[in-house]
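Each of the next two complexes has chain A plus one other chain: chain B in the first, chain C in the second.
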Partner chain A sequence: MSLSIQNLLSIRDLKKSDIELILKTARNLKEISWRPIKKVPALRGKTILLCFFEPSTRTRTSFEIAAKRLSADTINISTGGSSMEKGESLMDTVRNLEAMQPDLVVVRHASSGVPQMIANWICCPVINAGDGSHEHPTQALLDLMTIEDAMDRGPRGRGPLGHRPSGHRPKRSVAGLSVVIVGDILHSRVARSNIWLLKMMGAKVAVAGPATMIPTEIRAWGVPIYNDLKEVIPMADVLMMLRIQRERGDESLFPSLREYARYFGLNCETFSGAKPSVVIMHPGPVNRGVEIAPEIADGAHSVILDQVTNGVAIRMALLYLMCGGKEKNQKLF
Partner chain B sequence: MRLAITGGLVVDPSQKLSGSYTVLIEDGQIAGLVKDHKFPKGKGLTDYEIMDVKGATLCPGFIDLHTHLREPGFEYREDIASGTRAAAAGGFTTICCMANTNPVNDNGQVTEFILKQAKAKGLVHVLPVGAVSQGLKGKGLAAIGEMVSAGVVAVSDDGEPVMNGALMRHAMEYTKGFGIPVISHAEDKDLSQGGLMHEGEVSVRLGLKGIPAAAEETMIHRDILLARLTGCHLHVAHLSSRGGVDLVRQAKKMGIPVTCEVTPHHLLLTDEACAGFNPHAKVKPPLRSEVDRNSLLQGLCDGTIDAIATDHAPHSLDEKMTAFDEANFGMVGLETALPLLLKLVESRKLKLGEMVRLLTSGPATVLNLKKGSLKKGWPADLCIFDPKSPVTIDSSKFHSKGRNTPFEGFRLNGKILYTIVEGRKIFPFSTLNR
Partner chain C sequence: MKEKLLMSEKQMITTIRKMAKNIVTSADSGQGIHLVGIRTRGVPLARLLAREIAKKVGQTPKVGMLDINLYRDDLSEVSDQPIVHVTDIPFRIDGTGVVLVDDVLYTGRTIRAAMDALIDFGRPKFIKLAVFVDRGWRELPIQADFVGKKIKTKAHEVVKVMFEETDQINKVQIKREASKRA
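Let's turn to the complex of A and B:
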């Protein structure tokens, strides 16, 4: 089996069979991270460019660790310290990088659509690691994996060593689950990718937050909109809290962080109506005390760190599948 | 110099003519039309150079109210020579060039420079549009009187909307005395701040910041109210929204002196053209929804819209082939207008005669020009085209320096055969003016 896509630019390009293959591969590869020697030779001799034209800790490290655990060589490119600081155009930078024969390019950019444009300009596969407010497909895939795992074992939170992976396929799927995405939907690439992915996999997705941050057009996607958090929390199996993107600098979207936290953040009061089995997620970085109270972010319902752990596995799977991984190489790990 | 163009179908909405006529031209002016090519006995065409255009359609040369020629200052995008060649290749014999050059056309010297360049290097008539405010900065008034004396036909801060209502009021009061219209690029800059495309389902899907239709509608409404207050002729540029059409229609009913134009791209495309992050579909005002597009077509048919204008906006490819949010707004239009509009004729959205009117006598009336008609004694500016001839849009063949078109590869019908300015064949280009 192989993926039906050459580039991963948007969740909308994926078929259900692709998603199943990515998750199956991720579950097989996840165990490598628990070995004493966390490295297999699957991508030995492959060169992966990590072009992070926007600041990132989690996603960048996750991709780099994923590549290195598969023995690929990784090169980090960022705007600062690159020739783009000298005024080189994006197209020239990317074409010059491609002339050095990388096997795969990972792109993070503050502008929506840049990975798509780069994929049009170059021949080697491109993975979108988050573009503007457009999509963050790898985040949605790791979120799906985390939800499936949490449904399978119940939301107990994680122990100090994390969950040692078993490699088995969870019995429960996300079909029929109610997932509520809360916060700045307007600017969130995580929300868009998750809406497409979770709906494709049969979940019921709703969004909640202040009306200034929720474009009404998403009703056309079959996603109901709630402006009152108390109304929607009791029906959620999964609550996905989004980060308030203060760097966007749009000051007229809500009055103050204090007011946001009171009406649209997950705090002890709003959380009191939630199902006992509810799973709490956050793509990070967390603004503690704004969109989520610290005791809930660190509490028993939270799978925030499982998301990060699964991120490495999902990215290992994608690099493996998109960078020349073939079924017959299965023995390499 | 006497020229007889015979064998063609003449469409001249200014005289409500449509039929077989021979067009006689003398000394750069229309000398007359002869029905069915039948000449009175003894008055043959012996003294004329004969041009047989059997099967072609003849009409007055197209007039574009909205072109960016980029000279002075941005000659790498376009200059007066290349822009007027593109115009001639597209059937346009008169084009109005906007003031957002460098230096800005906000004083008589710049107007004179543009007209001097046009006389020396231009192939078609160039009518400059002056700025409303000094340097398009929206503060003090530009030297409107001086520019009118030098030859501007209207004033506009196109590209930079006049946000200050009091300045717009004073511009309209002042300009009215000089007998020319104020052209409004209707956009509330606060509402459109950071916007990249039409605000709707597509912008939400792509994660691109939207420009709501309200950004255009609020400004059209303001400017209509100021036209009523001042009595100045307001011309609304590149109408894009349903609300905008409704406001102009209502204003006309109330007798407010307002006219408006629409571009071929807003008539042909919707915001779906931005899917795939195609920077060539990035334009202001943005390509809007199908509902808006249909309202614009409705406005063409019911007479609300006075003219079709291209908003020809050449950019270098480097300014376009970059991240969508960094790419410049605008697209070229002079060389694609006819086949695009003929597509609307083919799909029965627009009658051929109406299309010609909106490209000829329509815009001429907006600016009160003695152009856009084949009446005897009027300038012999003509466009001769074959509406059936298939064309494939190929930007590498454009005469404009701009290659930025969202219509690349479109298979359409409609080819310009000849463009004639004051009785001279200027297109196809001879080796002399190449």
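Let's turn to the complex of A and C:
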């Protein structure tokens, strides 16, 4: 059994059978992280390049841990500290690295489309770890896994050190579930990948946020827009809060962080109308007190840390499914 | 593709009882052992053995399940990655006597992988091997401690052990076709 794709650049490249295979594999690999020796030899001797040309804590560490738990070797490349500071182009950097025979390359870049460009230049598989505002497919996959698990468990608070996983397959799917994504949709690759994946799996997706941060064209995807958080919260089974991206410059999309927090942040007032079984998610890093109040981020409805744990499992599954085996495709220029 | 019946359900039950008796009377494995079934069909066999052992000693040994696909020695040769199944070992390996259970012992590579996997979980007191059918053709120096039935097979034959839990029927048959690696 294998994936229908050689590179994971966009959620839209995946078939439903791919998604099921990835999630099933992730659930069965998850227990490795609870073993006394957190390692299996499956990718022994494989070289994985982690090219993070944009800052990252979670995603980079998650990929690195996933690779190492499968016994692969990892190399970290970032802009700072590499010859790109001397003016070497991205294409030269990547092709030079390819000449050292990596087995897989993971790419994060501030510009949309870079992973696709890189995939056109090199033969080995490429995974998009986030490109500009375009996509973050591995985030959407781990979010889907987290939602399915949360629906299966029912409402109860737990941290990442909860019960040891047993590979049990959840009975409930996300079909028909109401998922609301809140925040800066305009700049969010997490939102885009999640919208496509959740809709593919049959969920009902809506977005909420200030009008300045929501592209109206999104309605064409069948995604309703809400500018009043209190209006949409009572119907949500899942609330996915997005980070206010302060580093994206002074685009003056809202008057102040305090005003954003009051009207679009998840706080005691806005949260009071939520369903008792609602699940709270956030891709991280969390701006405590801005998009989400600390007591809610740490509270019983939050599965934020489960997302991080599942991130390792999903990435182990992807590396396992994409990395092994004979050369399937030889690219000819 | 000719099929030949090797064991009927009744013969399977007798064989399982015999194996359970041997496990119980063997020197160090009377008390305090647990079973680990390998991959798919070792698991229902382990559960059946556990039940029979319980009848004899009054205590049911715990049964774990092990997927060895992550430890295979041929991963870089197959073009598709084998599907990973659940591994769940609900007891401590350290200091425990473990009986690995599999349906067919063939080249021995599965058992080699299973031992590597088990030792990653801890340091067992000992590992013994119980197999339902030993069909010969070893490629590694590995032998079973408890054998249900030992037979001679040809390279192009396939031995299929079927259980109700996995195949909706209890029987063992030999088929003549291109030999598949376990």
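Just so we're on the same page, the second predicted complex is superposed on the first by the 319 of 333 C-alpha atoms of A that agree within 3 Å, B and C clash if a C-alpha of one lies under 4 Å from a C-alpha of the other, contacts with A are read in each partner's own complex, and residues count from 1 in each chain.
Methods note: a residue touches a chain if its C-beta (ideal position, glycine included) is under 8 Å from a C-beta of that chain, and two chains touch if they have at least 3 such contacts.
The model shown is predicted, which means the values in this text are computed figures rather than measured ones.
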Partner chain(s) touched by A:Pro36 [first = chain B, second = chain C, both, neither]: second
Touched partner set for A:Asp103, first chain B, second chain C, both or neither: neither
Partner chain in contact with A:Met91 - chain B first, chain C second, else both or neither: first
Which of chain B and chain C A:Asp184 touches, first, second, both or neither: neither
Check whether A:Thr25 is in contact with chain B, with chain C, with both or with neither, and answer first, second, both or neither. second
For A:Glu54, select first, second, both or neither according to whether it touches chain B, chain C, the two together, or no partner. neither
Classify the contacts of A:Met117 with the two partner chains as first (chain B alone), second (chain C alone), both, or neither. first
Complex contact set, residues of chain C against chain A: 67, 69-71, 75-88, 116-117, 120-122
Would you tell me which residues of chain A are touching chain B in their complex? 89-91, 109, 111-114, 116-117, 131-135, 186-187, 189, 192, 215, 217-218, 220
Can you list the residues on chain B that touch chain A in the complex? 200-201, 203-209, 276-277, 318, 321-326
If you look only at chain A, which of its residues touch chain C in the complex? 1-2, 21, 24-25, 28-29, 31, 35-37, 39-42, 70, 166-167, 320-321, 324-326, 328
